[in-house]
Each structure stands twice: as structure tokens, then as C-alpha cells.
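Okay, so chain A shows up in both of these, paired with chain B first and chain C after.
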Partner chain A sequence: MTDRGGVVAAATGAEALTTELPVGRPTGWWGMVMFVATEATLFACLLGSYFYLRFQYGPQWPPPGIEDPTLLKPLVMTAILVPSSLPVMWAERGIRHGQRRRLRLGMAATLLMGTTFLLLQGTEYDEKLHMFSLTTNAYGSLFYVITGFHGLHVLVGLTMIGWLLVASLRGGSFGAHRHDRVRNVAIYWHFVDTVWVAILFTIYLSPRL
Partner chain B sequence: MSAQPGPRIRLAGGLLLWYGVLGGAVAWAVHLLAAWSLDELACAAGSQHISGVPLWQALGIAVVVPAVATAGALLVAALVWWRTARAQAAGDADRATSRSRLLAVVGVWANLLFLAIIVLGGVAVLVFPPCQG
Partner chain C sequence: MSTTTGTPPGVGRDDLERLTEHWEEPRSLRAWFTTVDHKKIGRRYLVTAGFFFALAGLGALTMRTQLARPEAEVLSPQEYNQLFTMHGTAMIFLFATPMLFGFGNFLVPLMIGSRDMAFPRLNAFGYWVFLFAGLFMWASLPFGAAPNNGWFAYAPLNDVRNNPGLHMDVYALGLLFLGISTTAGAINFIVTALKLRAPGMSLNRVPLFVWAIVATAFMVIFALPALNTDNALLFLDRRFGAHFFDPSHGGNVLLWQHLFWIFGHPDVYIIVMPALGIVSAVLPAFTRRGVVGYPLIVLAIVAISIISFGVWVHHMFATGLPQLSYSFFSAASTIITIPSGIQIFAWLATMLLGRLVLRAPLLFVIGFIVTFVLGGFTGAMFALTAFDQQVTDSYFVVAHFHYVLVGGAVFPILAGIYYWLPKMTGRMYHEGLARWAFWLFFTGMHVTFFPMHLYGLFGMPRRVYTYRGDLGWNGWNLVSTIGAYLLAVSLLLVLIGVVHAVRRGRPAPADPWDGDSLEWSTASPPEPYNFPVIPQVHSLHPAWDERTVESTSSGATEDRILSHGRRTLFTSELDARPERAVRMPEPTFKPLVLAGALLVFFVAMLLAWYPVAVAAVAAVAATVAAWLWPTRRPDEELGVAS
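Right, the complex of A and B next:
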């Protein structure tokens, strides 16, 4: 008990409470984290709007005339997008050890997976637009705005990844001590993947609950 | 300052500081989503119960737990503010102390605000009939 009391006293002492966490991060890291925080707020508002309108609409959701969203394609998209964080992590760890080949391969794999996700999203839009559009009703607006906004984020992430891939292929200055760009892009990509899981639950799974 | 605490103690202290700063905001978000969705889903289903628990009790939990978490964050922020004030008075203050003190002030005011929002929202949820139109 005395030891535990000592630990609590030490953890609530001025020295421990003024510990700066995280410490020693470069400005670019803070910029990306803050940017991701603002984007997360935006998605939280969009998903909050979805649930608000759903609850206000009544017991039948999606509205009459629109079927429950099918799950096969979104689940395939999830199976492609979510694991695409793995090659990014692999590439980031590789470049920390100065392995540029891992950086190139990881970025190329993520680029491929992300592009496949967007192509599948395009085919899904092609099917859905025959049933409802952005202006059909509140559900249509929410569906296209939320998924479209996320698709736009995937596109921005792919642009960043493509830029890293091209830079590394052209002999850009990457190495064990120069990988901040890779880490910042990785943060963004992990965020895009995480948001998709929230969208999958909200748009595709929650109407079936 | 006295001898530096070990890395685990510093990690605990740093996390405690962030809890004091952001705890109220996170607790309010949880309260909002939990209380609101429980209420709306139960009423939409035409029921006053959730898994056998009366709706008002479930809503009470969704109010009380976040309110307690926010009160805890408020106490932690006040503790940081007090500890850093003593360090400054003793002439031990460095830049990290000043930054922590600023965060503590932000935490105290933010947690007061979020506690008020949770309590007032909770009063409304618990006083009015949950499924009134």
C-alpha cells in the first residue's frame, strides 16, 4: 500500500504532471495531427447528422422506395481499404531503417489498394444512382455526401502516397533520419481507414440493427 | 526541482494532465451519443425499456457516469493548476511548467463548461417524459 501511495504521489507531483506528452515531435507531425483532428470533427458532424435525421425520419429507414444497402461490396471495399494501412506501416518501418525498397513497395501496394477501393466505390455509385440521387431525399443526400467526402479523402491520401512513391523513385532524400514525410502521410492514411470503419457501421450496418 | 521521476511515473503524469484537459469533452461526447441514441432508439421502437432496464435508468447511467468522469477531469485540472502554481511560487517553473499551467487553466474552464452541459442536459432528460413528441 505504501508503494502504491508513493506511486500515486509521484504521478500527481509537479514533475510528473508537467511531463510533455508527446515530446520532441516535429512541427509537421503536429500540423498533420491537428489537421486530422479537424477532419475527424467534420466526419463526426456528418455522422451525427446522419443519426439525427434518421431518428427524426421515423421507424422506416432508409425511406420508402430505397432498399437497405447491400453489404457484399462495402465489405469487399473494407477488406481492401483497412488492410492497406499494413503496407504503409511496413514501408514506414522500412525507411526508418533506411530501406528505400520497402518504402517503394509499400507505397505502391497502398496505391493499388486505395485505387481499387475508389474504383469499387465508383461502381457502387453507378448502381445506386439508378435508385436514388443526392437530391432524392435526406437519405440520398447523406449517403452521397458522407461516402463522397470520404472518397475525396481517399483521393487526397492517394495523391500524397503517389507523391511519396514518385519522390522515392526519383531518388528523393529519404532515409533513416529523413522520414517525416512518410510518417505524416501514414497518419493521414490510417485516419482515412479508421473513418471508413465508422462509415461502414453508420451507412451500411446501422440500418439493419 | 527535485529528482526527475522515472519514465512510467512521467507517462502516468502526462496522461493524467491530458485527462484533465480533454476528459470533460470526451465524456460529454459519450454522454451525448449514448443518452440521445438510447432515447431515440427506444422511443422509435415504442418501448420504455432497454434490454429490460427502464429507459429512465439507462438514461440516468448515460448522464451520471460521464458527469462523474468530467468531475474527475475537473479535479485533475485543478490539481495541475495548484501544483504548477506552487512550483512557480517556489521559483522552480520552467517552460514545461508554464505550458502545463496554461493547459490546466483551459482544462478547469472546459470541464466546468462540459459538466454544466451534461448536468443541465441530464436534468432535461430525466425530468421530461423521454418519448414526448
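Right, the complex of A and C next:
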């Protein structure tokens, strides 16, 4: 397949060079996918540790003195966090067509929903800390470390989204030809949402099975 | 600065001038700290890992001196504990993997016909983190606060009640810190190999070394999180009173072992796999033919990297797990010898069918095969649960893994050093000195470690700082110590050989070995832009293939010269069809600043200066935000509609 002045020339001609029109998957996309893969493995290890300690512990789980986790608040949190991916998708589609307004609105909406999630998690910790803490027993350690580690990821995701919002408000940052960063943040945010579902199942639903 | 090959036909003088202008970095202190050139970073990885290897080796020499005779008092038990822990930890984490990543950094872009790695700044960042994490861990030794619990740091001996002081905090934080570098490097290798291959280098033309590095990188992606989880939980247990490994509060000590070996066994292959890749890269030049069974070797590499995740329990045969799980892991551990065997037989067939050129790199490859097969043989013995339970925690195990790791990693690394030294430095090494180094190293290796099989079977446990004189181990221990000094002398000869080559060696031609892969079509050392013309690859052995060679001379086209700006070519993942030319990043201080902020964070966590740690996190976030901040462009270029 010799290509002398064919496809390559088309992709490297004067116009293409000034804009670097996206052709194929960019390196940033692959980088983010690999990063999310390794992060997902990290969560898998944490959730695996939860089940390992649980099944090694004995029949009563959570241990005596700790009630089964209540479901109302985590379900509300789920109902806020999981749909928060929708504005991100809407914003990403928008900027792919060069619509900056949609990018800004979508990011602002997600920022709001994610922050609400973190505030709710804060109030949940406030309630739980009366019952048990990180140092009470292995159950407490697992509960706070797994949910806290996820909360940290939400915080990092929100920082990214805030950063995108600021960059897009400045202008001259994103458009139909340049939105790799938007796509990468979107991948990360979808990941943070998806992991929450696994955590909801493990921490909140599985003790009731 | 280099012995160039002259102006290649097909490339104009003005093209070369433009390429130099865009890619060359000035020789200044500033340039030293800001470089993003994969060749410089690769060499730094090699030198730094070599330095940590020397420290860990000197530690081993001190331990062998202590063990030369019974009840010696060269080292106190506490010092001995710290030395053997740092020896293992540094050899595994600070030498083997970074050394092979150094080869990868230098070679992968050259072998696939690219001008740099996919993420050059991330690459620089990875190096600085590796350097800082290594110094972070070694710096604890003079304070008597080095890790002291063995390289696998079993619970409950690693908890704060049984092991007070900073020792295991250094271990947990140091490895978490280092993990950032390893993960960044792995992602970079995968993306580089997927997107930056020269046009025409479809997956079935990718050099075996690159396959090995990519398979290793995938293992890192999926194995390292287990170690990171383990160390994070350990630090939380020790510092903040969590109970993951504390059975009195519902924790479980075996959780540590499971997580550790879910990482740890793939890690054996993370270390050995790129070294096997070096073997596959060295052989064609010295057998004058391609490696036999290329598709089989690729399949073996992929199979090993998958099966390696299913064998971890064979490190835990003595922990009282259910018998059924032993059977499964015993079977998996037996199966994994098949793809390893395929590679060995492919190399033997290559040597049998080829015409041998007996130079130092080939000698080290032959030394590798002999030693590694012996290590693999004792490995197959461990896959049998009953035998494993008899010799576990004895010197037999120490003998086994030194045969595997010295045989499987150090021999190929030494072969690689001699093989690529002309490419890296532009100088030839002294062949006589290299042969002396080989024979001393080979002898020293077997004199040191073979007796360990014996006194392991005679009952000597590993990790004891001394032993009584009436147990029948004295003579064999002395033999091991003599071997260790032989090893030290041989490695000193290697060092002298490298320094001699750099200082006095005769200039190396571009292709001293008549090698088959693309790095030999660049100058020695390569120009800052690697390739004046990015080649169009037509076969698995591009440097032996006339059409590929022609594509960079008379067949050079503008779309592969790319001399306007600092640019390289993206191609499609599977078939390497050209996609577009992309601009590569310029030198920058940001990677160094980011790594420095992380160093402050980890030191602050270690010493419990939490406000400083919070400030360091803010500095990390600010640096990343500035690093990735988009440059302002006109709306027409961005394509903005509203």
C-alpha cells in the first residue's frame, strides 16, 4: 500500500494542517480510556476486598451494633448522579456541532448535580458517624473508604468540569474541530457515574440480599 | 553532536535544517530540566535504574558478607531486615521495571518509525516521578527508617503494633508514588504503539520487542491497581486506624496476600516479558535471520499476559486455603509454562537455523536461555502443591526466583546494553572486556545461586540474618558469598565497559550489526527528530527490506518528511493507515513541577504534615490545569457555530 500523495496529502494539505481535522481516534481518547480502565480495576479491587472481608467475617453483616444501611438517601443520590451524565452528553454533542452555548449550559447543569450529590453524601456521613466511623471495625473502614474514594473521584470530575466551563467561558477554547478535552472529561464523568452503580449495589443493596 | 549519515537522498538540505530547528534542544541547564525527548528520557531511566541497581546490589553484597560464616556480626538483625527488604523492593520496583521501561522509552518510537512517544510531557513526568520515588525510598535507609518487612510486606507484621516507626509507611507511600510513574509509562506505551506506528506497519509487522512492551503495559494497567489498593489500605490501617488487615476488628490478614499476589504474579511477567522482548530483538542480528515462529511468539506473549492473572494463589499454597482452589491455581501455573516453552523453542530454532555471530550480546542471550530454563524448571516444581509446601520460605525459593529474575531479566538487560550502546551513545564498546564481563557474570551467577537450592533443601530458611555453625550450611554459604563477589566484579566490568565506550569508544556506524528493525536506519545516536523521513514499512524486517529503505531515500514524499513544525504522523490502530500529521509538544518545566509537588505531598503524608499535603494537592491541581489549558484560537479555526 504505497501512498504517495493520496490520503496522506489530503490529511496534511494546507487547510487540514491549520485545523487538524479529527481523523480516527486521537491519542488523548486512548489515553483516557486506558486511565479509566486502570481506575476501574482499582474500584474492582476495593469492591472485591469488601466481599472478601464480608464472606470471611461470618453470617451477620454488617457486624453487630450497626444497622443495615438505609436506602432512601442513596437512591436519591443515585437519581441525581446517574442522570448527570445526560447534560454532559448533550454538551458534547453540542460542541461537536460548534454550539458553545450548549457546552456551557451542560457543564453548568452537571456541576450543579454533582455538587448536590457530594452535599447529600456529606449529610449521610454526618448521620452515619453517630453510629460508626472509620476506626470502629472493618465494616466501617470499608464503608468510608469505598464511598469516600468514590466521592473523591466525583470531586476530581467536578474540578475537570469546572475547568472546562471556565475554559469555554473564556472563548477561543473549543469548537467543532477541537473538543478532545470535552470528550475526555465526558468519558471520565461517565465512568464516575457507572462506578457509583456498582458501589450502590455493593454497599447499600448487597447487605439486604 | 553525532555521526550523521549525510544528507539522505530525497530529503532537501532545507528540510533537514527545518527539522533540526524544530526538534533540537539547546545544550543548557534549562533544556536539561525541560526536555521531552524520549531518547534523553530513556537514557535517564537506564542510568537512574542502574544507580538503584548498584545500591541494591551493594546491599546484597553486604548481606552475603554477613552470611559468609555462621554467627557473624557485620550487620545487626534490624539492619539486615532493612537491607533485604530494600534489596528486594529496589530490585523489583526501582531497577527491573524502570530499566526495561528505559529501553522501551528509547526504543519503541525508533522501532515503530515515530518521532517521539504519544505523550512526550507525560513521559518526562513519569521519569521525574520515578527518580523522586526512588530517592524517597532510599533516603529512609540512612535514617534507619527503611522498610523492614520483606518486599512483599505481609500482614500482620506490617501493622503499626507489630512494626512501629516509619518503615512500612515509607514502603506504602513510596510504592504508591512510584505507581503513578509506572501507570503513566504504561498508558504512554500502549497509545504510542497503537497510534504512532509508521505507515504500513500493520499489527503483523510490529517488532516483537514492541509487542512485549505493549503486553507488559496492559498487565501494568490491570495488575498495579491491586498493589495500589493494598498499599493505600495499609497506610489507612497504620496511620488512621482503619481495620482492613486487623482480625480483631473484622479484618483479614490474607486480604493483604491476595491483593499483593494478584499484582505480584503478573509483576513477574511485567519484569520478564520486556526482557524476553529484548531477546527476540537481539537474536535476528546475530543469527542473520528473523525469529522463527513470529505469530506463535506473539500469541505466546498475549497468552502469558492473560494467564498470569490466574496463578497468584501459587504464592499462597502454605496459607491453608481450600484444596479445590489449590488444584485450579496449580493447573494454571502448569499451563503457563506452555507459552513460555514456545518462546524458548522458537529462539532455539532461530539459533539452529541461523548463522551464529558470536558477539557479547549473543553470549548474554545464550546465558539467559541456560539460566532462565533452570529457573523455569524449579518454577514448574513449585506448581506442585505438595512440593511447594515442603520448600516454602526456604533458600530453595530464593534460588528459584534469582534464576528466574537474574536469568530472565538481568541477562537480557545486559545483552540489550551491549546491543544498543552504539545506538544510544554513538560509540562502540570493547568486545574483549564485554566477554570477560559475560564469563564472570555467568560463573558468578551460578556459583552464588546454585548452592542456595542445596542449603534450601537442607532446611535453611530465607531472611535469617545469621545461622548456627553446626547445621551443615557453612561451606555452601561461603561458596554463595564468593559467587556474589564474582558477580560484583563482573558488573563493575560492565560499568567500566560502558564508561570506556562513552569516553574512548570508536564512533559507531548507523548500523553496526546489520540489524533488522527500524532503529538501525537512524543515525547513531539518532537525530533529535529520529527520522528525516518517516518510513513506509513493507515487511516485518524493515531494515532488511529494500522497498522500505527506498521509501526513506529516493521514494521520500512530503507527507512523511513533515519538516514544517514539530510534527509526527498518526496512523490507524490495526493497519497503520496514515490518518493525519500532528504537532508534538515543546519542552516544558511543568512535568518537573508536577512531580516536585507530588514529592512534597508524599513527604508531607509520611511526616504527618497534613496542611502541607493539602497545599501540595492544590499545587498538583493547579499544575495539571495549566498543563492542559487550551491555547486560544480564532473561532474559524475551532469551528464555532454560536
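Of note:
One rule holds in what follows: the second predicted complex is superposed on the first by the 185 of 209 C-alpha atoms of A that agree within 3 Å, B and C clash if a C-alpha of one lies under 4 Å from a C-alpha of the other, contacts with A are read in each partner's own complex, and residues count from 1 in each chain.
Keep this in mind: a contact is a pair of C-beta atoms (placed from the backbone, for glycine too) under 8 Å apart; a residue touches a chain by one contact, two chains touch by 3 or more.
Every value quoted in this text rests on a predicted model; they were computed, and no experiment measured them.
Set against each other, chain B and chain C differ in how many residues of chain A they touch, and the higher count belongs to C.
In the three-chain superposition model, chain A touches both chain B and chain C at residues 7, 11-12, 16-21. Within the complex formed with chain A, the chain B residues making contact are 1-2, 4-5, 9-18, 36-37, 40-41, 44-45, 79-80, 83-84, 86-87, 92, 96-97, 99-100. By the touch criterion stated above, chain A contacts chain B in their complex at residues 7, 10-21, 51, 55, 58-59.
Within the complex, the chain C residues that touch chain A are 118-119, 122, 183, 186-188, 190-191, 194-196, 199-200, 221-222, 224-226, 228-230, 233, 236-237, 240-244, 246, 249-252, 254-255, 258-259, 262, 536, 551, 555, 557-560, 562, 564, 569-570, 572-573, 577-583, 621, 625, 628-630, 632-635, 637-642.
On the chain A side of its complex with chain C, the touching residues are 1-5, 7-9, 11-12, 16-21, 23-27, 30-31, 34-35, 37-39, 41-42, 44-46, 49, 52-53, 56-57, 63, 97-101, 134-142, 145, 159, 163, 167, 170-178, 181.
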